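In the two complexes that follow, chain A is the common piece, with chain B as its partner first and chain C second.
Moving on to the complex of A and B:
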């Protein structure tokens, strides 16, 4: 959901050259480094902090929670079928007597892992492809722009859904690569745009005239200078990857039996959502809370890494107040 | 200006063709309808399978199959479904069902979204702004398949509270409904409310975020001050000069938003059992039906591209610089 975070998408530029080599040099410990500055700004943002703690808690819960629960996801309680939440089963049970807490934790685990992996892979690919296309231009660049245009017409959801018979009965790893294969393009296009401006900068030109090979320039001078954009995008991509995965799994096009994800749980519960709401509400609640937390953190990171956007907003606030007065 | 719009239109037609070709090819490669037939118990005789293979043109190379299908499409014949029903017979009704949902959803979404965005920008950092921000953050983190089912549960609660079924959420009309013309209209309206809300809420959140930030950009601008200086009231200046400028970036978003809408529509049709195009897509993929999948893709591509073209027209209407060049 990059949607909300438009305000600085293209303006999220190079952090006003802040990542330049000078800043990275070790300084006396009293001095304000960029890292500390960003940290202070991030911590000041309460929503982002809440979001970060929610994410940490959810990851912990997904992996530690099942160990603490008396029930396991493959265990059935023959004395409790379709029970609403009560003391023995805090999230209730489904129609074959499986404990919903154990099941939701297992689904959460899969969804969170898939989201994280897809975001990491797709951001990495976006950085490499976008920077290469922007640096060399030419045919690779035209191909990239064209693919992004085409993806607008042909939503990636549709393509992966069409390809889904291929990974029926395969491991979920295939789904990770599938999702990553369609998520890097838009980020790559932003990276490309930033590379176009970065490659005109003095330090890149200097490196070039010193005879550094293009691959070193891209890896050492261009990509590190987009670190803030890449961090923000990787964060947001975790959220969109989880949404894409659950959406596909909802229809049975994503995670396959015997694996479960939040999407498959919501999909199976949706049919009877009005009669047995707890089957639906728990996995859906976890999904929404997670994505919301990711969006808050993404917003907070942007404000911390690229504070110009906030400063503009504050100045405007003052302006409007003066006008109103 | 006409030349500009014509050039864009040609560009879009080519993109739609490529997108459909791609979907057709992917579907032909991954789908295995003969395999499904062979797995039937008892297995059908070899002659039947051979006849099916001939009928689906599986003995021909894929590009040739596409040409055969496309030349039919040009003449208004979209081929047969896997169960030998002509697609063209069903197409009109399904397109109508989907478009009714899309058009209502997008009209409400843009209308209320722009309004909400403008109001929260003008009253920035007031309670209404915080409320609108929270509202859109939560909605944007809620996938359509969760929102739709939540609204379904909510509608059920309302029905229970009222005592009769006011809001209907299965199908787009009551089957075998008898009554006057007015009663028919009322019946359709009852079915329409919850699904339309499902689509519109997400769109409102999406457009309001963008409208807010583009309105904020405009609020601090010099031309608004000038407009007030020459004697317009603040309200007049805002609506005559501010809003129009702030709407320009929205025109581009419109095309992006439509892709989102189509995917959201697929979930909505599925949740509320509307037999529209999205429902058909899921059916087509599940039954490994290439013709249906390609037909729906063509529909999606035409929708997205038409909205893209409409965005160009709006852009030209709002921004005089485009018209001059």
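Moving on to the complex of A and C:
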């Protein structure tokens, strides 16, 4: 609660106080809005910028790359089986002569879409459920939190694995919903807790007093005030959703053949990882790079939106110590 | 149209104290407000004073149904406000608005001033087209003395006084009849307090508003109120017009309260008699029997005080007091005596207060 208060309060002055050259001279005609301040703080974090550009490049590659490549993922080159990377096939080929670049891009596409959708859906569900439970309390709260607790106790990986025969042959959308269904619970609990404190703030009471219905209060006052949490959470969720999807696909429960994802690629290439390393290293490398980038962006967003978190404080402390020395 | 706008009848707010491992067992109640009657006339300013914890804010909130009252009702302009539900309640709330104590916490940091002000209009379908709304917004801002450029700004860009003005503009936006101001100036600087108080008075004249001002600052209340009610431990102990009350307090508690105001004259300040109350405010979870004030009252008598709870009675026209011995005290028949502070013990363990451990201050720790 105080965090938000401080943010708002210091928004106009903190830049000047920290003495950073970026903030010291904002354009006089442009008011220092919160969004601008967050942007400045984010841009200042180099690792987060690198992460963001990596993500953008990966998305571009995944969707534009296949158009530029002469090979498609369901097309075989019968002149090249299990070839290591060379000019014709930049990532090499697999044992039936499919171009690995086309395959990896196709897999990346699927994994990135699934990751993005799962993160969006699960964060949305978490925000709605958490805020509803925290705002109304009583029976609604008990019922929703009971569901949350129940879902938290169930081993999600096993459930999806058991259910996977049911959606064999169905579209990958089902997988998205299944993954989202098991990812929102912890965030929902945090959101509920924050709602409990926000609810007591006077502006919520004032809105109630102005005759705003509960859904407007939740949508306009409660959820926007924890936007920082939700944005960070959604970002981190992208990474974990991709990991979950790859994990499931690796064991053959996620994306089904003939469709490919990074998980199925890693799965099929696992046994030949040491003998034909390019089959394994390219999908695995993309996975690692993507998840790492997402986490960097998440960290950067957290530091930008919530400057009182420990990392920044530590860094500032170091700065002052250096100055003093 | 009757003269009385608001009438509160025997309002009670009791908060349960719950305890227990497996079940929430109610082990007692905090009697925050315990039987208050008051009437507010159309167009007047009613000031409610009392020390912290006496229930004045709870009373204000209960009237507005921010907490549900345990018993009693509030009649607003002929309608029983305390039984309204759902849509009717929402409609009626337009006519009663609130100004909050902390001007920053009462404004959503993510909303621009424009959207703060428009919000209420939208909720009550008073938003009729862009043109008239923007005209209304400009009217509101000029009424509270803010420039129109403020519309695009966010709450954190304003000073405390300006924020409170935004809060007042928000309350005004819906054209209310009654504005309940809960400590409207206590979070502000003294010089700014005067501005805001004067603004409230101007707006009252301009829009014919009725105010209920809840405050602990006696000077503010004296300045702004037509009538003043003094609360002690959940009950109203005295009610009179502002001049009457300050000139001639009848209840011992009011006397003690008023004697705490410093006089800006060193000679008078040195000589005047000050009534220092002994002891602490008794726990509202376990209020004393009889007169709530008898444990600390310098005029306490052997009879009646500790057995019979005095009712609010009209001693002079418009001047009500809840004391058995008000006449005798006023005539000087009863003289004050020393009061030994009574230790408030947590005998039955239902006090919500956490006992303080250790020295109260640094000085106490250094010079035991």
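The criterion applied here is as follows: the second predicted complex is superposed on the first by the 268 of 325 C-alpha atoms of A that agree within 3 Å, B and C clash if a C-alpha of one lies under 4 Å from a C-alpha of the other, contacts with A are read in each partner's own complex, and residues count from 1 in each chain.
Rule of thumb we're sticking to: a contact is a pair of C-beta atoms (placed from the backbone, for glycine too) under 8 Å apart; a residue touches a chain by one contact, two chains touch by 3 or more.
Note that this is a predicted model, so its numbers are computed, not measured.
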Which superposed partner A:43 touches (first chain B, second chain C, both, neither): neither
Chain B versus chain C as contact partner of A:56, first or second or both or neither: neither
Contacts of A:214 with chain B and chain C, given as first, second, both or neither: neither
Contact breadth on chain A, by residue count: chain C or chain B: B
Partner chain(s) touched by A:174 [first = chain B, second = chain C, both, neither]: neither
On chain A, the residue positions that both chain B and chain C contact, one per complex: 4, 7
Residues of chain C defined as touching chain A within the complex: 64, 66, 90-91, 93-94, 96-98, 100-102, 104-111, 119-120, 123-124, 152-157, 167, 170, 174
Footprint of chain C on chain A - complex, ascending: 4-5, 7-9, 11-12, 31, 33-34, 201-203, 205-213, 216, 220-221, 224-225, 227
Residues of chain B defined as touching chain A within the complex: 15-16, 18-19, 22-23, 26-27, 30-32, 124-125, 136-138, 140-143, 145-146, 149-150, 152-153, 156, 206, 209-210, 213, 216, 219-220, 234, 255-256, 259, 262-263, 266-267, 270-271, 281-282, 285-286, 288, 293, 297, 300-301, 304-305, 308
Of all residues in chain A, those that touch chain B in their complex: 1, 3-4, 6-7, 149-150, 152-155, 157-159, 161-166, 239, 243, 246-247, 250-253, 266-267, 270, 273-274, 277, 280, 284, 287-288, 291-292, 295-296, 313, 315-317, 319-320, 323
